[in-house]
């Protein structure tokens, strides 16, 4: 069977297992333990996403209209996802054997809400919205990094970049199923101010045969930390 | 009203006018005039798309797995779309005034079927699947350039790049509503061998207010040349 | 006179005013106030450079050999230089009029000593080695970000990115001509462990005529903060 | 010995074997067989370079000043060099063993003379100006593709891209030492209209030890085809 046929199979496989998410607003319910109040958090809020990585924008990210080029958002997706996989699940892209299970991208998509511009510090946030036998669907939120007072960081004055990727306390306490204390929320985490949201699907395949294989156990354990329950 | 609010409006506007197309296989019906036969052509066939541009892949397009990085496909989308707009509709991105109607990207998406690798010559093909009052939804097909005998071009032996963007005769004869002669098809145009297909939505806005405005007449006339009727 | 001719003039202009620096090891003499000892610091040491910006590497930076692609180093140069100009001298690339003095790149070069690899946190450091009437020659050092104990940061464990661009205390105390206390040096600043060093020349020209003009006063004042005296 | 030390060795090695070429105008003497006239051709003329590859510019190549970003020129260098190595010398970057001799970049540089802008078709031209035991120094010229009448191609009207990389007849007849007939020159080849010229140094090293090794025989044979004699 030719490689092209195999990857077409992967894609069919994915279509039956993944949800179409690019144009949806996803929500999560947060119930506070200290009060009886309940919060809806959408994929446009920072609090939706358990993991974050700060990425310095670059001069060449801007296109001739003076804003981040749309294609570069996908490079940000790639970067937060693979930083997580390498730092938190032990993935080593440089030491793949023929028997390795490698993640190939089957589908991606992005919705753009507002623009970013060099030299903004960018905050890329990550959640897992579907974890199948062989595939994973990520949700990514792209935000402008906030200053510590919650205002939009404008260059030098504010940005305080995360040290490597970090887990968001409020968000991950939900992800791990613990009772959530609404007081953990910083107001800046629920402003609905994502510049863009996107999804990204990895299918794990055998490096040689390119047929789908189960998500490796160590990677699955890592991805489960990012899993969130969503309603369309 | 803050810019971020305005662009959120655009996005809502788009959501109601565009179709969700990223995961669909789109088909067009071709009816031959010389016989009574009818053909289904999908968005994985070259014949689906009225316009094509050859793009030389670059060393830096390959990622560390040795294949074109997924994010770079969107740079190919950008390139075929803007080459068309500049060469065929007179768009001049360098001479925008405050009153200009400029196209902002509201949404994009891509499905990956097989891999490409430097130094492949890439054939990026373009169609318009929805043309609204203020917005346009493109469909893009990314193919490996074929040698003249219809076989996959492998480097030096074959690639015969198009001179700037070109209109595909067979495809455009359909696009323009003329009766279609199936004999115009080259077999290579209906192999269903797209490496990737994607969609890309432009909303035209006033350069200063960022509110949606009608697609400028000259651009609309150009886009109509690429319009195809599709069934999901 | 055609634009191409004008820029050729710029280039001649630069050749007579700049030094050829790409293949040289540059040194600065540091004399300690507390002892009589003197230190040589080269452009391969962090202490050579008064200004630093941390830049998160990206998945797509790696080429198919698994290391940062050589061309992307120049994107790092661009980024540290323009971040400095925007944040410290008030340059606003988005609000250029026809009379503005804009900086065009006349020459660049890089020497590569060791490799970097995603997801390394990168430390890009900046000095000015020549400041002419219309032109400036920067020296850039590209380093792997160190953990706080001075060891090479390996992913999650260590990197502590700078908050926006920062001035290095030890280095700038020299740049500003103050007596230098050698005890300010952290050992990590004099390990000669640059992954790459490069130079980059801006010539300031009138935005319309493209003829050389004096470096604007506010930018000159900023650049003087980064100026270091070097010996080849 | 640590990898960083080894690559520092490579760099010293190169410094003693390579010439500093970034800021020089290089010339070649062409003597016509049919007349007694002699021509000087510089590295700003197309005729200087035996090999050429057409590369479609991309939307994202332009920076916010509307011209090709300086860093992307190095991606063009990479692309013409590696296309030559893969198509003409059999290099296969995807099948490297631990014993393979691989080319690592030790130094690069570029001088910019005039600007290019998307959607220009770019003509990247290649020569070898030094071929040592373990290292090679390339000279690259970046030109705007000309229309067939020798005028600068402006988008759709003119560009006629080369089919994969091609050898220039006039130039290679000199490279191979054959007597040169000046009538072979097209006027467009000696207009001195390079938008940029650059150099690029590869050192071949053992893939595992990273120590310099001789240039592999098959690659050397290919590179000799591009070798030109230059005077500073």
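Order of writing sets the labels: A, B, C and D. Residues in every chain begin at 1.
Methods note: a residue touches a chain if its C-beta (ideal position, glycine included) is under 8 Å from a C-beta of that chain, and two chains touch if they have at least 3 such contacts.
Please read all numbers here as calculations on a predicted model, not as lab measurements.
Engineer: Centre-to-centre on C-alpha atoms, which chain is most distant from subunit D?
Structural biologist: A
Engineer: So which one's got more C-beta contacts, B-C or A-C?
Structural biologist: Result: the pair with more contacts is A-C.
Engineer: Count the residue numbers both subunit C and subunit D use at their shared interface, divide by all numbers used there, and answer same if that is over half, different if under half.
Structural biologist: Shared-number fraction above one half, so same.
Engineer: Could you grab the centroid distance between subunit C and subunit D? Build each centroid from C-alpha atoms only and quote it in angstrom.
Structural biologist: 27
Engineer: Mind checking the centre-to-centre distance between subunit B and subunit C? Centres are C-alpha means, answer in whole Å.
Structural biologist: Using C-alpha averages as centres, the distance is 41 Å.
Engineer: So, what's the distance in Å between the C-alpha centres of subunit C and subunit A?
Structural biologist: 33
Engineer: Return the residues of subunit A touching two or more other chains; collapse runs of consecutive numbers into ranges.
Structural biologist: Touching at least two other chains: 59-60, 64-66, 69, 71-72, 75, 78, 93-94.
Engineer: Which residues, counting only subunit B, touch subunit C once they are in their complex?
Structural biologist: Per the stated touch rule, the residues are 59-60, 62-66, 69, 71-72.
Engineer: Which positions of subunit A touch subunit B when the two form their complex?
Structural biologist: 3-4, 7-8, 11, 15, 20, 22-23, 64-65, 69-72, 74-75, 77-78, 93-94, 96, 102, 104-115, 193
Engineer: Along subunit B, where are the residues that touch subunit D in the complex?
Structural biologist: Residues 53-56, 58-60, 66, 75-76, 78-79, 81-83, 86-88, 93-94, 117-119, 121, 155-156, 158-165 of subunit B touch subunit D in their complex.
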